[in-house]
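Two complexes are shown next, each including chain A; its partner changes from chain B in the first to chain C in the second.
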Partner chain A sequence: MNPYSVLRGPEGFLPPAAALAGNILPETGQGHIEGQIVSEEEAIEEAARKFVSAKVPTIFPGPLVLWGWNEKAIRTAEAVERLSVAGGINIIPMPDYRPKYPKIDPEAEINPNHPNLTIWHNKIDVCMFVGVHCHYANLSLKIIRGGTACFTMAFCAHAGHEDANLTVRDILPEKIDRVTEIVKKLKLNSKKF
Partner chain B sequence: MGGHESNGMPQIGSMNKKGQIITDPSELFFLSPRTQAFLTGSEVIKEAVKRASVDFSVAYPITPQSEASSLVGELYADGYVGDYMRGESEFAVMGQCAGGAFGGARVFTTTAGPGTLRAFENFPMWAGSRLPIEVVFTVRGVNSPLSIQPDTLEIAFMLETGMLLWHAEDAQDLFDFILKGYIVAEQPEVHLPIGVICDGFFVTHTKDMVLMTPENRVIPHYNPYASPVTCMDMESPPVRMMRDPFVMKSNYISYMTHASWQLEVRAAIERSRKHTIQLLDGLIEVENPDAEIMLISSGTAVSQSREAVRLFRDQGVKVGLVKIKTIRPFPAQEVREALKNAKHIFVPEFNVAGWMAKEIKSVIDRSERVVAGPHVAGGMTMPPEVIVEEIERSLALRGKKELIHG
Partner chain C sequence: MGREKIQINEEFWDIMPDDYKDLVNHSTYGKTDRGWKDVGSSTELIAEHSLCAGCPESIAFRHIMASMPSPEDTVMVGSTGCTSLVFPMVAVHNIHSLFGNQNAVATGLKRALNVRFPNKNKDVIVLAGDGATVDIGLDMTLQSWFRGERFTTICFDNELYANTGGQESGLMQKGFVAKMAPVGKKFEKVRLPEIARESGCAYVAVLTTSKPSLVERVVRQAVLIAREIGPTYLQIYTPCILEIGKQSMEGLQEMRDAEAAGERFKFREFITPEAQAFIDDMAAKKKAEKLASAAN
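Now for the complex of A and B:
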């Protein structure tokens, strides 16, 4: 059990890195929700629930998904688009990592050096990072947790992210499609009430 | 968290241009047959690099690493290292290493003592840029008056650079740490520079028996597509990050960005633990864990302590020993556990500052149990008898008239 709960912010002046608080990353086949290790399927289901219950759900695709530099990137981008359409989820890209001064256009993009500006401006309450290089994703996740109330989800091609509120590791387009599938089911069920 | 693929990367089982087979690291380290050789530490560095699929190495002479860096040059001449050059100074070397790593190469270099300090600005830059460069520090004296002799003071300067730091006790550690260091340092969630440290002369210039992995097998190539930061290319040259850095802006969020960046580097050190524990069979080794008197240190101070433990054993006194393999990450939990029953803790060190004793005091309870010593410096040896005398003298001062026998 990880010792530190990675909860929705705002956490304060400078939130700690969860790894420094003793949290470890999930192993293959696992994810984490708020720092606690769960099965991958459980994390995927919770991601779908968060999207469906959000007021302003948003996906932040990074350069590794935005640019069609290999076949997997293209298939992942297509899966992200399917999720966006199925869930009515906004897409705001993180096209690169340079600080955007003097002022970022928060409706057009998000930047890892001041991601809170985009969250605040658009009142985003649930977001998903996908295709962002790990270092910059972690930077963003810490700053968002520090200064906003947004629930962060990191879908990672590698080992996952302790600093997200939820993470799924070793992502493939099929795992994003699984989120889409659950989102569709949840939306269908909610219409019956 | 990007969707990288290893397109074009040489696959496990295929051969490199020298006919060496690219081998799964676990198979290479734990299953492949090992052959015994009697080598100096410098020769061991060459043999490890020969098996490390190194793309680029930069050399600059400084005692006691000059022989090792020149032997790496021989590897280049023989086609085992992709590219090799001499830098203009240690500062230049480390900058050139950064250039190679920014471009996606596996990089190796060596330095020592004043060379380490001359190059110093580059080490936190490497860590902040997440460059998994490997440098072997063959540590020696750094302060005036000039000394080329063994001394571990320079490690104290390296502690908060954001690098992984592993301290080899002997030539066998050195061989294994060089190869295993790349595997840990290049994990996507770690991806930090690593300093493999050995004590100058004591390890570099003495011969020792080493069990080596097969000469015709190498670890897999570095996969730059799994980096947590962008590789350098015309779309994302590092100058674009350096030219518009957030640190140049004076506002709260730019400060917080930098603070978060530093936290992320330290978080990456923490993430290296699980990989390191697996490859090094733990971050520490413990002998006689139930002894009331414990010796704890790293590097060749461990070898001397081992002899002191033997001398005490001959007297019928049980003394324990903790060998620290990794200084960063520091094995805080393991050290606490290993020392929990100790009444008297001694930290022999080859430096005048006693930095290892400070590290240990900072992570255990009842730190008054720690005696920071014995110390030697400037190239002095530390005979095991000196360690025995220090323990006996300190215990007498503490009012413990008789050592515990049996």
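Now for the complex of A and C:
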């Protein structure tokens, strides 16, 4: 077991890439929580718990979900909205990745080049990335871990992200609906978990 | 990509920042008669660029973006230079290539698009500075023309390496003294338009960006000819006002001076008979359509 845990920050100006610290990506059917490989279901349940216990939970949908460029994107957007409504979770979009001048409006959007501004401004303590292209998700996740105390969850359409505090890979609308289902149960009766 | 894919998912419409809503509602995607006159009345496909105030390159960029026949089905390939500061702000798919490799990257891209979308017109436009096109990337530029690759190459010619402080480039005029070329250039400006013509380009034009309607006609023509006939090349004078010691408001006059009779950027174009026939045919069809719609 790798001793390095991908914990909440702030870890410092230049946190190491988790991959360099020896963390590996989950295989199909798995996820990771703080760098430790777990089953996908376990990661999904933990994501729901984090959302329910957060003060300012927020979803950051990226371009792959914000824009209706294919059937899956449209269905994923619907699933994200269901999750947002069920959990009372804010949505702040990451519409694209360009560096914006002179600066972004942190209440309206998040930018991968300085995601910490949005997190600091809105006091976000738990966030979920969904539909963000891998390279910019990695960049953002590292900056967030470096400078904020926000717990990051990356729901990825491909292989997941080591630099998130929690990741679920091969994301489908059904997996987001599974989070919604658990969030609803937790809100009804926390004793069941 | 296609016009139909540039849509915000319904669920997120209310939380999207206004500039993205404007892009969907008021841009010129899918409009067949788009052109420079849309600038000011429609949302442009370029926003918040970080070029210097009054930079002719930014003006050229805006005119080119406004003139592309179908931006939603276009991929631009850029290279190192001031243009690479703008590409992240452009609402058209684009690739940043390694310095000088832009025409090689565009070749692979164009071929892949032809395989992936055999029944669709997918345009590829290379946009690079004179250093990338003529010095560092000359091999790639010429080889793509020799092979007859069907895409448009646009060279923003500012006659030096502006981004790095003013070094001598192949397109610099003879005798010119720049900040980092203090002894003056010893040989003539490379005659790339003539080389392009001899290398197999179906359409070549040399111009400045002082006349938007001319830029529109030339860009449109170059893209459409590249789509159907063969490679096309445009060399556009975009002086670096900083490096030639001008003020922000003097860029336009500099271009006007450079395109005067006998000057190096006097408008000239070369078109092969085949490309000319294609353009004539297109113009005749457009005219017939206009007459038919007027009659109805």
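Quick note on the criterion: the second predicted complex is superposed on the first by the 188 of 193 C-alpha atoms of A that agree within 3 Å, B and C clash if a C-alpha of one lies under 4 Å from a C-alpha of the other, contacts with A are read in each partner's own complex, and residues count from 1 in each chain.
Rule of thumb we're sticking to: a residue touches a chain if its C-beta (ideal position, glycine included) is under 8 Å from a C-beta of that chain, and two chains touch if they have at least 3 such contacts.
The shown structure was predicted, so the numbers you read here are calculated from the model rather than taken from an experiment.
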Joint occupancy of chain A by chain B and chain C, clash or fit: clash
Touched partner set for A:Ala108, first chain B, second chain C, both or neither: second
Of chain C and chain B, partner touching more chain A residues: B
Which superposed partner A:Leu20 touches (first chain B, second chain C, both, neither): first
Contacts of A:Ile171 with chain B and chain C, given as first, second, both or neither: first
Chain B versus chain C as contact partner of A:Arg98, first or second or both or neither: both
Partner chain in contact with A:Ile124 - chain B first, chain C second, else both or neither: neither
Partner chain(s) touched by A:Ala157 [first = chain B, second = chain C, both, neither]: first
Contacts of A:Val80 with chain B and chain C, given as first, second, both or neither: second
Partner chain in contact with A:Val65 - chain B first, chain C second, else both or neither: both
Against chain B, colliding segment of chain C, chosen among 8-16, 62-70 or 98-106: 98-106
Those residues of chain A which chain B touches in one complex and chain C touches in the other: 65, 70, 73, 97-99, 101
For the chain A and chain C complex, residues of the former touching the latter: 61, 65-70, 73-74, 77-78, 80-81, 91-93, 95, 97-101, 105, 108-109
Complex contacts: residues of chain B adjacent to chain A: 1-5, 7, 130, 187-189, 191, 226-230, 236, 240-241, 244-246, 249, 253-254, 256-257, 259-261, 263-264, 266-268, 270-271, 274
Sites on chain C touched by chain A in the complex: 1, 5-12, 15-17, 20, 48, 50, 88-89
In the complex, chain A residues that touch chain B: 14, 16-20, 24-25, 62-65, 70-73, 76, 96-99, 101, 112-114, 116-117, 129-139, 142-143, 146, 154-163, 171
